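When the chains are written out, they are named A, B, C, D, E, F, G and H in that same order, and each has its own residue count from 1.
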Amino acid sequence: MMKVYLAGEIHSDWRAEVAAGCEGLDVVFTGPVTDHAASDDCGVAIMGAEADKFWNDHKGAKLNAIRTRRDLAAADVVVVRFGDKYKQWNAAFDAGQAAAMGKSLIVMHGAEHQHALKEVDAAALAVVERPEQVAQILRYVLEGRLPA
Amino acid sequence: MMKVYLAGEIHSDWRAEVAAGCEGLDVVFTGPVTDHAASDDCGVAIMGAEADKFWNDHKGAKLNAIRTRRDLAAADVVVVRFGDKYKQWNAAFDAGQAAAMGKSLIVMHGAEHQHALKEVDAAALAVVERPEQVAQILRYVLEGRLPA
Amino acid sequence: MMKVYLAGEIHSDWRAEVAAGCEGLDVVFTGPVTDHAASDDCGVAIMGAEADKFWNDHKGAKLNAIRTRRDLAAADVVVVRFGDKYKQWNAAFDAGQAAAMGKSLIVMHGAEHQHALKEVDAAALAVVERPEQVAQILRYVLEGRLPA
Amino acid sequence: MMKVYLAGEIHSDWRAEVAAGCEGLDVVFTGPVTDHAASDDCGVAIMGAEADKFWNDHKGAKLNAIRTRRDLAAADVVVVRFGDKYKQWNAAFDAGQAAAMGKSLIVMHGAEHQHALKEVDAAALAVVERPEQVAQILRYVLEGRLPA
Amino acid sequence: MMKVYLAGEIHSDWRAEVAAGCEGLDVVFTGPVTDHAASDDCGVAIMGAEADKFWNDHKGAKLNAIRTRRDLAAADVVVVRFGDKYKQWNAAFDAGQAAAMGKSLIVMHGAEHQHALKEVDAAALAVVERPEQVAQILRYVLEGRLPA
Amino acid sequence: MMKVYLAGEIHSDWRAEVAAGCEGLDVVFTGPVTDHAASDDCGVAIMGAEADKFWNDHKGAKLNAIRTRRDLAAADVVVVRFGDKYKQWNAAFDAGQAAAMGKSLIVMHGAEHQHALKEVDAAALAVVERPEQVAQILRYVLEGRLPA
Amino acid sequence: MMKVYLAGEIHSDWRAEVAAGCEGLDVVFTGPVTDHAASDDCGVAIMGAEADKFWNDHKGAKLNAIRTRRDLAAADVVVVRFGDKYKQWNAAFDAGQAAAMGKSLIVMHGAEHQHALKEVDAAALAVVERPEQVAQILRYVLEGRLPA
Amino acid sequence: MMKVYLAGEIHSDWRAEVAAGCEGLDVVFTGPVTDHAASDDCGVAIMGAEADKFWNDHKGAKLNAIRTRRDLAAADVVVVRFGDKYKQWNAAFDAGQAAAMGKSLIVMHGAEHQHALKEVDAAALAVVERPEQVAQILRYVLEGRLPA
């Protein structure tokens, strides 16, 4: 069983597209909590409110790190998608962790981000634009079969 | 001797400010090549031109990685500054690598980036806004003295 | 399956409370032998009496270390509870081991111990006061759901 | 050159006594900031005040961790002294980190703490009561000479 | 279950011979994609054509590395076969990786390559000439039984 | 499931005694090939005769190392028994490997070997004389129950 | 000081060319023994003759491994040159070791070997054809200056 | 500078012979305390007498372990000599530690111990009989020169 962590953008359904393309493969996908509100509020919801936004975010980010660290450590492959909106520094941060942990890294982004992501791409084993390419890669890696 | 890697923004003189504040301390600073043009062109300048911009950047980013990996691995402390311009994914990528390597991480950014950087901040041992704070931290860590 | 080691205080039923709050989650809990007398006497009971209390305790502590090391090494998350009585240096010792092993650390203690535990808390991803908060964290981490 | 980290109690002059006993040896000693007020206030003094005592302490403890982690990682031997006052959980926490990092651990405490520290002692290569014993151990380890 | 990675030559049926000789053993075999054309074309087939042969090969070799790294990391034993044709530098490269990762290495080659492979052989726990010897070794290692 | 490697003496039935005492426990035992003749001859039997006894033994010892390394690496606990006969340097060698790999080490030997084995004993978490003590330790470690 | 291991071909003066191009840089070069006869005979010359060529080579290759392992482990950068003659499996073997140890890898070879070396190139941070390019890379990495 | 740990037999002057043969080489030698009485008594001499011989030896062996662990960890090469007398299990134990730490191992013993030491020899990069051979190996490894 291959474990694949799907990091980055949470505002499109790309994770479902990757999974759909992997039907029948011996793959398990993990990833961050994609409920944006829950992800932002988890710290204060469980451990109590904070007057300062910094500590509010801090408590939440640390809870999310429990999940991220575990799933990154267990992953064989880490896919990081950079979307069109927001700063997405957490995506690049996850990519950096994955690279330093020696994980096989696949980066997904549009051509317009190519120059800005050159350091991340340089650490990757594959750079793609679309979810079905991730699925094709995983199928090739596991079964040796290329897309028709 | 404490080794401190200064990652991130290369368009202001913050590295010099940190160094100035550390006068007399047993610290050595390392960091990326800050000549932007050289950093972008190094790959093709040494190893030959590429028709495709992706590979042009790829060759350069990999040469820069020789420097980054070595200096990150040797560092006791990694400082990552996020400035006001550009995507700065390479800064977040360096922060991710530093975190996964167990380095002591100091993050520097303005208050406006607080929410977007919460995952990076959560992995840091200090979050500051100005270069002199980095110098004050290094002085405290090495000599136990607080700013007057 | 997430593995959670529950370290520290053995004189209340907090472990059962955490477990009760995690019903239905894919979690396995481990922890020290909580039979205080057995834990103290195990070394001499199996390997022979000692005239000197130091060696009596030494033999027992080492047998307990076989269990602790194995369970700490296997854990995804280590929860350490500091109660109201005793020195509880073994709890802080376990927290130190967990931190150095890169485990996700959750610390539980009353507000009165906040200052004395600041170094331990600073290494944690969550600091809580009550067992149900631990359960809420584990549920959020595994399923992304916050308490109602 | 042997590097020895002296952890724990900061309210007596035991570090000076150990150093005095090691005169002429090729040893370098490191340890925490022993200015109690500076150690408590460092975080807010450099990075700004906090309304909440928890975060006040948190910021300070993390700055101190930059020093502790670096010195522990560099140490050949870690000596941890437990004194008569306070909870000293940070001493036990440092001992736990040192043990998990595979450092040679020497524990110093009075006989009255023997039972409470049995787990820590069981991870140590030496358990002593007085600073001059630490110096004698270091001299023996480096030069093979026993005290007269 | 013992995991055995079968690296190297892909133009004979030696992998099937090893597997046949291991019937009934608790062994799982992994190895590279042995469809030569797919292995060469996988990069461009999934991620788009390249004008330059170097990058064409580069993209493919990196996809294959996702598979190789994972299977090497998981392997208990790595068998590397050097055949009669081609440069087979990838076989020696896999052997080097396996050696540095501390894997038990078995090398298979004809007597004519003995001198050229002396560095590889010197890192191996066994040097053999024929597939059935690999099977006999695995049977002995797992069951303690020698060939009749 | 706890994995326990039983190293050392192969001329008595102590492995069976340990196993008998562990009935009902979630333990799996591994160990070397105990067929002395097969263990000595395996190398030349599979890979061809050697004129020189040194290389004859060398080839066999390396095949046995494939088994030992794998089982040691997988073990939670390593038990090493020193019997009455032979040099038993391989037992001490296994103990050294186990210690350096951070395994929990249990050493078994008669009182007559106490002084000669003091370095090995000093690295152990338990030193016992009889197989049933090993079983009692494993039962205590896994279930927290002491012998009646 | 940057440590650079120069692996591979020993029948041309490329090592001297690299060194000449690095004049004034803070670099130390290491590499294998380049006296071919000494390298082949070292084992038997020191430890006694062998009737069998395999063991003759085996003893020598292991002595050379003492040097290679140490220098590879200490290196920041590993350069591997593939020349025009011989099998050069030891060069690819060194490249594999370097890659698995996380070293920055530079590969040097002529265009005619591009396809056969694609797996090695894919693990490299730079692929070059001539010694002066290695020197230019090292100068850029250390000083940020490009060739005129 | 190459660091070489000389383990094992302490009742002949073999360490001085090795050192004499290495005159002019950039080598530093370390080793155990060779004052047999001091080595046996160090624990109780510094930390107080023990009624039980086991604990007497235990305290001493642990102090010696502070030295051994540090020197083994720092060593590039570990030489282990087995002499004619005593059990020498500590020599084999040191060899096991060195092997598991990935050190280059050289074993020295007479032909009469060949069979009993086959597992240790199989983990070594060189097996020799006399001190001058160790010196010749170190000279070859460092300078590429063979004995005249």
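In this section, a contact is a pair of C-beta atoms (placed from the backbone, for glycine too) under 8 Å apart; a residue touches a chain by one contact, two chains touch by 3 or more.
All of these numbers come straight from a predicted model, not from anything done at the bench.
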{"item": "Each chain counted as touching chain C and chain H at once", "value": "D, F"}
{"item": "Chain at maximum distance from chain E, centres defined as averaged CA atoms", "value": "D"}
{"item": "Reference chain F; chain at largest CA-centroid distance", "value": "B"}
{"item": "Geometric centre distance via CA averages, chain E-chain A, whole Å", "value": "31"}
{"item": "CA centroid of chain C to CA centroid of chain G, Å", "value": "50"}
{"item": "Rounded Å distance, chain F centre to chain H centre (Cα mean)", "value": "23"}
{"item": "Junction residues of chain A, two or more chains touched", "value": "62, 65, 102, 127"}
{"item": "Partner chain F, residues of chain C touching it in the complex", "value": "33-35, 38-39, 41-42, 45-47, 59, 62-63, 65-67, 69-70"}
{"item": "Residue ranges of chain B touching chain A (in the complex, touch as defined)", "value": "53-54, 57-58, 60-62, 64-65, 82, 86-101, 113-123, 127"}
{"item": "Residues of chain A defined as touching chain E within the complex", "value": "2, 76-77, 102, 104, 125-128, 133, 136-137, 140-142, 144-147"}
